[in-house]
Structure formats: C-alpha cells, structure tokens
Amino acid sequence: MTEKRGTRGSRGAGGRRGAAPTAEPKALAAKALAERRVGLLREMLRIRRFEERCVELYSAAKIRGFMHLYIGEEAVAVGVMRALTQDDNVVTTYREHGHALARGMPAESIMAEMYGRVTGCSKGRGGSMHLFDAGLRFYGGNAIVGGGLPLAVGLALADRMRGEERVTACFFGDGAVAEGEFHECVNLAALWGLPILFACENNRYAMGTALERAHAETDLALRASSYGLVSWAVDGMDVLAVEKAAARAAEAVRWGGGPHFLELRTYRYRAHSMYDPDRYRDKAEIERWKEHDPIDALSGRLRGEGHLTDDDLAAIEKEIAEEIDRAVEAADAGDLEPVADLTRFVYSPRPSAKPAARRS
Amino acid sequence: MTEKRGTRGSRGAGGRRGAAPTAEPKALAAKALAERRVGLLREMLRIRRFEERCVELYSAAKIRGFMHLYIGEEAVAVGVMRALTQDDNVVTTYREHGHALARGMPAESIMAEMYGRVTGCSKGRGGSMHLFDAGLRFYGGNAIVGGGLPLAVGLALADRMRGEERVTACFFGDGAVAEGEFHECVNLAALWGLPILFACENNRYAMGTALERAHAETDLALRASSYGLVSWAVDGMDVLAVEKAAARAAEAVRWGGGPHFLELRTYRYRAHSMYDPDRYRDKAEIERWKEHDPIDALSGRLRGEGHLTDDDLAAIEKEIAEEIDRAVEAADAGDLEPVADLTRFVYSPRPSAKPAARRS
Amino acid sequence: MKTAVKSEQITYREAMREAIREALHRDDRVFLMGEDVGRYGGCFAVSLGLLEEFGPERIRDTPLSESAFVGAGIGAALAGMRPIVEIMTVNFSLLALDQILNNAATILHMSGGQFNVPLVIRMTTGAGRQLAAQHSHSLEGWYAHIPGLRIVAPATLDDARGMLWTAIEDPDPVLIFEHGTLYNMPGELSGPGPVDIDHAAIRRPGSDVTLVTYGGMLHKTLAAAGQLAETGVDAEVVDLRTLRPLDDKAIMESVRRTHRAVVVDEAWRSGGISAEVSARITEQAFFDLDAPVGRVCGAEVPTPYAKHLEEAAIPQPADIVAAVRRAVDGDA
Amino acid sequence: MKTAVKSEQITYREAMREAIREALHRDDRVFLMGEDVGRYGGCFAVSLGLLEEFGPERIRDTPLSESAFVGAGIGAALAGMRPIVEIMTVNFSLLALDQILNNAATILHMSGGQFNVPLVIRMTTGAGRQLAAQHSHSLEGWYAHIPGLRIVAPATLDDARGMLWTAIEDPDPVLIFEHGTLYNMPGELSGPGPVDIDHAAIRRPGSDVTLVTYGGMLHKTLAAAGQLAETGVDAEVVDLRTLRPLDDKAIMESVRRTHRAVVVDEAWRSGGISAEVSARITEQAFFDLDAPVGRVCGAEVPTPYAKHLEEAAIPQPADIVAAVRRAVDGDA
C-alpha cells in the first residue's frame, strides 16, 4: 500500500530564516497556506475532471490513438510543478495531460490537440502523447519510454554551461528505470553535477508488468542513490509531501547541489491506456489504493481544518467543468491543418541562402 | 594504486569438507598447489610473451586493424579461466588475446587469425578483435563496448531453461559499465537469477578516459551491488586472489546462487590500442603499477618458497617462445580464404527446401 | 492442442497466435520473450492466453530493456534455443538495433561460420491508427538493407500462420513485421504448417501493369487494382512477402509480361525498399519497360497524429490508381 | 586564431579540426562533445589540441553512453546551444539511433514547429582499414532515409573545412559522415568560410557517362574515370556531397547530357543510397537513358578483417571501370 516513508535527507532552508513571527502575521500566513492548499486541491481536481472527460471523448471517438490517463497520480504533477518556476524546464512522457495542466497549459490547447486540430498545442501533429509548449518551456510528451531523459540532460547541460539558475524537471515512470538510457543519463547528470530534478513516478506498473517483475531491486530511490546523487522516496499520494520534497530538491538543484532524484510512490487507478483490458492486477489492490486518494485526502483535511466547505468545492467543480466545457467546444470548432501543409515542420526554412555556392 | 581489498562475501565451501588431512597428503597437496601456481605463472607469461610478439608483428605490418594488448592484466584472464570448466561459456571483448590463450585456444589459431588466414580461428574474417572458438565455448571477442553482455544473458538464460549446470563468464571493461546495456543486463541477470559471472576488468581507463571522468560512483563493485547481486572487488594484479574469488563466485553461480559480479582491479601497461599515443596519463602512474606486476609478484613468491628456480623459468620461457615461433610460422604459411568465398557465412544453407511452396 | 481448421473464421491476430502456440508445442527449444507478452497478454493481444498454457518460463515477460532482451534472444539462439522475441513496435527496435546489426546479423560471418543465430524477432509496424510519430514507422524495408538478416512481412492469414514455422527452422535471424492494421483482419486459413518464405506471390494476376507491394499495403493495392479493373486496366499484384532476400525472379517475370511497374510501400520514399525494387527492375528488365517504374510511398514526414494528416501521409488506393494511370497513360 | 591560408598543405583531418576550431571561436554556443574528444585528442585525432585551447567545458569528454550524450546534444540544441556531437564510428551510432530518429528528426514536426534541433553529429564511416565487421560500415546512405535529418559527406578538404559551418547554421539536425580513409589525405584549401551544402558538385566533367558517388568513393571513382579516359571513355563524376536531400537537378542534368549513369557507393547494395539515385534517375530521366542505371556497391557481407577479403568487399576502381564498360558497351 501507500508507503508512508517521509522524505529523507537534509532539512529545507526555511526553518533557519529570521526571528519568530508575531501572532498576526502567523494567522495571515496560515490563511495564505490554506489558500495555497486549496489551490493544490483545485489543480488536482482539474486534472481528474479533465481526464474523466477524456474517457468520454475517447469512447465517443473524438480522441483517438493511444491515450494514457493520470487519474490517481494527480498529486505528483501538482506537487512537483508547484515547486518549479516559470523559467524552469519540463520534460515528460506520453502520460502527460496532468503535467501539462499543472504546468499551466490551457485545457483548450490540450483538448484541441487530442482532437487533431491546428489549434492544438502541437498543431494536431502530436496528439495525446506529444503535448509541447515552448512558452511554458514544456519540452514534450515523449512516447519512447526513457526517451526524454537524455533531452533533460542536454537542457540542464546547456543551462549549466550558460550559468543559468534553472531546474530541468524530468518525469518518467518506474518502467523507464529499467532502460539503459536511465542509467546513462543518471550517471551523466551525477558525474557532471547537472541541475536536474529526476521525478520518477513509481505507479508500480509498467503496462502490465509489476515493479517486482521488472526490477531486481524494487527500492528505486535506493537504486538511484547508487549513482551518487541525492535520492528520496516520497509518498506520491500526498500532495503536500510531494510539494515539500520537490521544493527542497528543486532549491538544492537550483543552487548547485547537483541532480536530485525523487521516487514518487503513486498508483494509476485506470488501465495503462484505453487499449488495456487491465488483466494483470487485482481489483482489490486498486480499491486499497483509492483509500489513499490524494484528492480525498487533501479535501478531507481542508474540511477538517475549516478551510473548505461544500460550497467552496461546488464552486471549484463548477469552474473546472466550465473550463473543460469550453475546451471541448473550442476543440470541436477548431480548424484542421490543411493537408497541403502536411510536410511543414520536417525541415525549417534555412536562415539564409547567402553563404551558398561560394565553393563546393 | 593496486587496491589490496580482499574478496568480500561468504566463505567458500572448501573449509567444511572432511577431517584434517594427515602430514603426508599435506606435503603432497602443497606440492600440487605449488605446481598449480607454477602453471598459473606459466599461463601469464605465455600471454605476456604472446602480446610482446604481437607488438613486433604489428610494427612489421603482419597484423593490422585495431589491436588491443593485455599486458599487465594477465592475472585476470588466467585467474578467472582457472575457475571455469571446459563446459562453461566465455563471452569477451576486443581485448581478448589473453582470454583466448588462457581458455586454451592454440596460439597458432589466434596468430593465423590476426594474419587474416583461413587457418585462423575465425577464418580470417574476425582479426584481433573477433576471436571465436565453438569447441571451447568461446563466444567471441565483441568490439562494441558492452555488446557482449546481452549475449551472456542469453547464454545463461538458455542454460537455466534447460537446467544445465553451466556458468557463463562475461568479461568487460570499466568503460562498459557506463553503457546502458550494462544496466539492462545486470538487472535482467539479477532479476532472473541467471548463472552469470560478470568479470569487470577495471583497468582504470576507457581509452583515454579515466574512471573518475566516466563514473559518478567509481566503486564499481559497490555500484553493481545496487542491483541486488553478489559483488566483490578483487585485486586483479594478484592471480591467486583472482583465482580464489572467481572459484568461489563460479561455484556459487553454478549451484544456483544467481549472478555474481567481480570487479577485478587491474591496469594496462600499454596504450589502449596500437593507434593510441597514450597522452592522457602519467608515465609515473604506469611505473607505479608495474611495481605490482602480477608475473613478478607470483614468480617472486614461488622463488621465495623454493618452488621455482632460474632454470625452471628459463625452461618455461623457452617452451613459450617455441610455441609462439611455431604460431608465427604457421600463420605465415597459412592459406588465404579464396575471394570467391567472400560471402560465405552471411547466410547458412537452409536446412531443407522441403516445406517450400506449399502455400504462399 | 486446438488447431485452426479449414473454413473456420479467424483473425490475423489469432493466426499469429496459433503459429506461436504451434511452435511452442512442436519444439521445446522455442520460447517467447518480450515486454508484456505474458500477464498483459501482449500489447496487441497476440500472445493472449499463452502464459496460462505454457507458463512464465516459456512466455517470458521482460523489463523495459530492448537491447538486453533482444541481445539475450541472440545469446539464447547461440546456445541452441529457438527464441521468439517480440518488440512491441518497430520504433522501439531502434533501441536494440546495435544488437540486431552488430551481433545477430554479423556473428555468423565474423566467427568464420562457427556460430549461428537462429532467432526470430517479431514486431508491429506501420501507421493508420493515429499513434503519431513515435509509434507508426514502417522500417522493415530499411532493415532489409542488412546482410545476415531475413526480413518477412506476412500480409495474409496464411502467411501470419505459416511464416513463423519456416522462420523458426531458419538457422539465421529472421525478422517478422506485422502491420498493426492487420491484426483484426478476418478470414480463413488454408491449414496449418509452414509456408515457403523464399518466394513472392501473385495475389492478383493481371496483364497491364505490375504492382509490387507487401504487408499492410497489399490490401490497399488490391483495392486499387479492383478500381482499376473497372476502368479497363488489368493490374497484377505481387506480394513480396520476403523483403530480404528479394525474389527478383518473380518480380521480373511479372514485369516482362506487363511492361510496367509501380511499387507501393508505406515507408518513406527516399531509400525505402521501393527504391531497391525500382533499381533492380531497371537493372534486370530495362529493355522490357514501356514506362519508368513508378513509386507510391509514404510522405517524408514523421507520421502526424491528426486523422486527415495521417491519411494523407500514407498511400491510399486513389494514390495507387493515379500512379498506375501515369504509368499507363504516360507511354512514350 | 590561426586560420588556414591558401596554398598551405593540410590534411582532411586538419581541415576538419580547423572547421571545429573556427566554429568554437565564432559562436560561443558551440561545443564539442563525445568519447575521448578531449584528453585523448579524438579517436582519430581530429580534435587534437582543442581541449588545451578551449577547456573541458567546451571540449567535453563523455562516458561510454552513446544514447545519453547524443540525446544530451539534442537537449542542448533544444535549449539553443549549437552542439557538435562526435560518435567515434558509425556502428556505435546504432546505440543512439533511437535518439536520432525518434527525437532529433521528429521533435520539430511532432511539436508543431515549436522546437528546432540545431544539432550537428559527426562520425567516422567506412571500410578500408581492416577494422572488421563492427567498425567498418557505411551507413550514411541508410541514414538518408530519415526525414528531418540532413546528411552530408565531405569528400574534399574544402568540404571538410566548410560544411561544418553551414551545418552549424542549419536550424535542423545535420549528420556529417567522415570516411576513415580520408583523414590523412593531404591537399590545399581554397580558404575558410562556409560552403553551400545544397548542391552536388561535378568533380570531373565528361560526356559519355555520369558516375554518381560521394565520400570515400569519390577518389576511387576519379581514379576509375582517369583509367577510362585512357580507353576513350569520358566520364563525368558527380559528388553528391549531401545525401539527404539529394540534388536531383544536378544528377538529371548530367544524365541528360551523358545518357548513361553508374552509381558508386561503398555501402551494401540492397536498399543503399545507390538504389535511391537509380530509382530517381529512372523516374526523372527514363527516356534520356541509353542504358540501365548501373550500380557498383559494397558486397553484401559484414566487412571481413583479412585485407584481400576486405578489398574484395568494397568497390575498387577496376569494378567501376567494368561497370562503366557494361553501361557503354551494352547499348541496345
């Protein structure tokens, strides 16, 4: 079940700052904190509702191809993204609707992409598995397992060489840890001390292959630490734990602490993709994990603390539903790329033809 | 310098057998042991002299292409091969003259191969980097760094599936540990408990790249242990230590103990290949390692114990020189494969044309 | 053991599954290895039920480690086993290409004939399911560049059922490419047993033009031939079946009869198998040609997701018809 | 900064080195990354001395991790750097092919044009040095199958010196293939600066037959043309220079003048770039041809070590002469 191991390693820098706050700022801070947490809840709910709508739209054949849902894992994307600045880089996988939303990509742009419209974030060329957004430094959904890791190493290398204080967050699954590219990239990042936050979403399955049937050592945080980088296992069903660990790790990475590895222990409630009949696991196992649902847990806590009412929640749900409705409408109305433009973006216009033909 | 770390892990099974031997058998056993050690010395010398001759022959343009010498590392091949039976499998790299000789491949067959003769072990098609010998279960010199590892996994898998009590020994360098294939293979072997002896020849350099410039964690035995397999660091300049560790490991592997990893700490005295100007390391470093020469060390010890005289050594040298002379003569006299047979061995004769054309 | 009997309706997927079952029953050196071939039932359900029948040793799930498990297949083949390695999709096979080219295709020669690699690798290929640029390539023709490999592409149920048998008996590595759009294709089998993999097959005889194709494109080409027949053009359709080595004789015999040829291939045009077929026709039947050899190929673009773009990126019957018209009408 | 001046004798290796130096001086986004490019001085000594001049950040030694460091080059390019990644030998590039095909060649399209990959990858290619089957392939023509990549093969000193500049300015990935036998080739440079990489070049004008080639084979082809001249056959030699995209216009113009073509390529024949050139000539200049397009290619065999076998496995001037004779004498 959800492993309740806390974050390991050094304490964050927060506790060391300044004198004890007075009572009033304390109350203010508590309010700000509660609002912040409601914000986290809102983001998780937004992802879940978006994904639920995707299921309907897939059944209605509006969305096609492979589609991988994030339901159950929302705390990971929301917690980690919260720890990043807009100037940081994100590299991710085919299971990236949640990352895209949490990063701030408009639902419209994602939905239109899955509808294959030119108004989609990747102009309809990518679909569900290949969301990109240059403005958000969102370097894509990569559908080769492990394939995004070397890109992250390169992005981080560029930043290091230019002296930029930027973190590259790279998401990948437990399955990806078995790929050679994982090994090469973690070694390279550790060897060169690159500013990367490795965010391993351990949802215990790679398609139908359970963790213990893929890895001789199933403690992935422990395995990663063997490369000589800082590595923590985090309860990926607890958005606050994720946020805290990610914030510490990102801060350390940003200030030159070298790559950090977070194993975010989570679970996907739905099948691997819409193609997957989900034969390989016990339904009871899924139910047990649902008892630790990240959204229920946080909303329960916020209610208990008096920071969230039924009305608040209804308002949030309404806002989200409206956003998604708008996204679906816009996607439906979106234009298609003209077929004549099929081979655009295979090669770019050359910068100039000027040096040409001087010698050959 | 040579790290004098002993083998780690469980004691071998030897100590547990039978009652204390009486005095006479003890003397006999000591004699047998000494002879055995002289045998190890002889094998190491044979490799060194062979390699020295190769240098001459390369300068004389009799041998061409890439050639990688084993001088300085002899204790590794000799010690590990001694721990194997003739029924075990060997997979190795382009730096494999020593492995081939220690495995029992005739010097003639290797030399003829490097002369490009059809009398060579690979019929002149392989050269220095691709020695193969089916009779000795010697599955080749592989010149893709890390490329032999998956083959070893497959050989061991076949044995496991058929219930054979066979060990597959796989040699590779420190450089190979950085390749993704290393990671995938060690994980797979550990996950499936395959009978593999991973023999990592850590000679501290991958071409011109020193260990610490290639690996974030330079303790390779420690790194390997993170996959959950038994892993020992061994003084690879001490043939007795290598033999002992390899024997224990091979025995454990053979009886179902799963894969074992030996990091054999050694050094190459010569440049990476005949192309290498050896600019990247300090000559003094080489000299320091030579003080721990495996041949000098063992011959010194045997002399000190009265098991080896100058005459013995001279006789051994003479035998070896004669063997190598014969190998060179035979190689010189060997035939060339007719050019008409160039494309032999691209495809095999099909077993039968019988099922053909029934349906298509 | 259930075997398919004549006149029973079956899909391409089931035919392939039967072929694997049959191989596992026939020869205990055979085993199936790959990602999710066991518990999951195969990413395209080809191996569904085999784990239950043959157990986890012979239906062997692997971690996500393409290079290692393909290489392990090579090693097991060296040791005398008869592994069938499944790679989910052709794009992922790039991760194992070092093992395939530098080892599987090479060891027999490099060892002077000492070591065979009787390995079968199966993978899904092709576009048409809106899977976008990292799941839709057609690289089988590209693989056909590599000496030491045999490349087959079953386009019919009988070939799906029969090619594996012959492939497993081959002492050298055979790669089987299964087009993803074919798995649900229903039909009847003419019976179990091996089929010849040395020869191309004429799937539709005709006299006006030779259409050379294979795999997923066979069915579009047959559709195009049907349309052409209505306009009075009688096209012969040659299914290459094996892309390496090519059956030159079958191709040339057809071209010598029809004097015109169009090659249809879903892969990118430049440097695809269509170029090789065209070059060989030019070399071997130049003076029999009444028109230049035409090619209908995939657009040179990473496969886009959007349906209309994907359709435009791969050959459609209308494109084939148009190319044939050019070959027929463009006579000198 | 020393720059090569006219009429100074220099080798291909030095020309390449100067090109890299120049790029590093000109643009601080440029860096060189690969195995042993620094301390060792480059496996073929191309980058010798650059570490001392530019330091370890910009002359960056990597571990043996082809997929990671090629992919890191892609990532750094995405971030706006201008990496030059060196892969020691084309065979090892297979380990990075997933990154090259599935990412470098694909991301621009897959992202709807948002992300360019201005990456240069250099590698050694080709046989002729008795390095046997895992170090001698010629896969540049094979790479030319992949849309999104630009493939260049400098065969002359000027191209070794000038192509890198143009490649670095290209917003898309460019692969530079350097034939291993050329590094020691001496000659003179016509000067520094970029060269056009869009066009093929006529290296020897002639009127009887067009010989299409590139890279290491250029020099054997020129030698063959010299021998042919003595027997009264005036061959035109076209150096493709860029294998993707091909300069169809230059090829067809030449063929329309000579009416005969032979393609010379060291790579395996089936599915090589020679097939593509042949197919295009057939498509675009069929009615100008007096003879079928000929091909002189490498034997379809993993390159053997033994000198006589290796020589027999790759095209020699005598083979080219013989193929031209067939094209010229075999007239209908």
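In this document, chain identifiers A, B, C and D correspond to the written order of the chains, with residue numbering beginning at 1 in each.
In this text, contacts are C-beta pairs under 8 Å (C-beta built on N, C-alpha and C of every residue); 3 or more make two chains touch, one makes a residue touch a chain.
Treat the numbers as computed from the prediction; the structure is a model and nothing was measured.
With centres defined by CA atoms alone, the chain at the far end from chain A is B. Comparing chain pairs B-D and B-C, the larger number of C-beta contacts belongs to B-C.
Centre-to-centre spacing of chain C and chain D amounts to 31 Å, using the average Cα coordinate of each chain. One simple way to say how far apart two chains are is to compare their mean CA positions; for chain A and chain C this gives 37 Å. One inter-chain figure worth recording: chain B and chain C are separated by 41 Å, centre to centre, where each centre is the mean of the chain's CA atoms. For chain B, the set of residues that touch two or more other chains comprises 122, 124-126, 130, 142, 144, 147, 178-181, 184, 187, 191, 213-215, 346.
Looking at chain C, one finds that residues 63, 65, 67-68, 91-92, 95, 98, 102, 109-110, 132-134, 147-148, 300-302, 304 touch two or more other chains. On the chain B side of its complex with chain A, the touching residues are 178-184, 187, 190-191, 213-217, 222-223, 225-229. Against chain C, in their complex, chain D makes its touches with residues 67, 91-92, 94-95, 97-98, 101-102, 105-106, 109-110, 132-134, 137, 141-142, 144-148, 244, 246, 267-268, 270-276, 278-279, 282-283, 286-287, 289, 291-295, 300-302, 304, 332.
The residues of chain B lying in touch with chain D in their complex are 64-66, 113, 116-117, 122, 124-130, 142-147, 175-176, 178-180, 206-210, 213-215, 275-277, 279-280, 336-337, 339, 342-343, 346.
Across the complex, chain A is touched by residues 35-36, 38-41, 43, 61, 63-68, 91-92, 95, 129-135, 299-302, 304-309, 312-313 of chain C. Chain C contributes residues 31, 57, 62-63, 65, 67-81, 83, 98-99, 102-103, 107-116, 147-148, 150, 158-159, 162, 165-166, 169-172, 190-191, 193-196, 198-199, 201, 241 to its touches with chain B in the complex.
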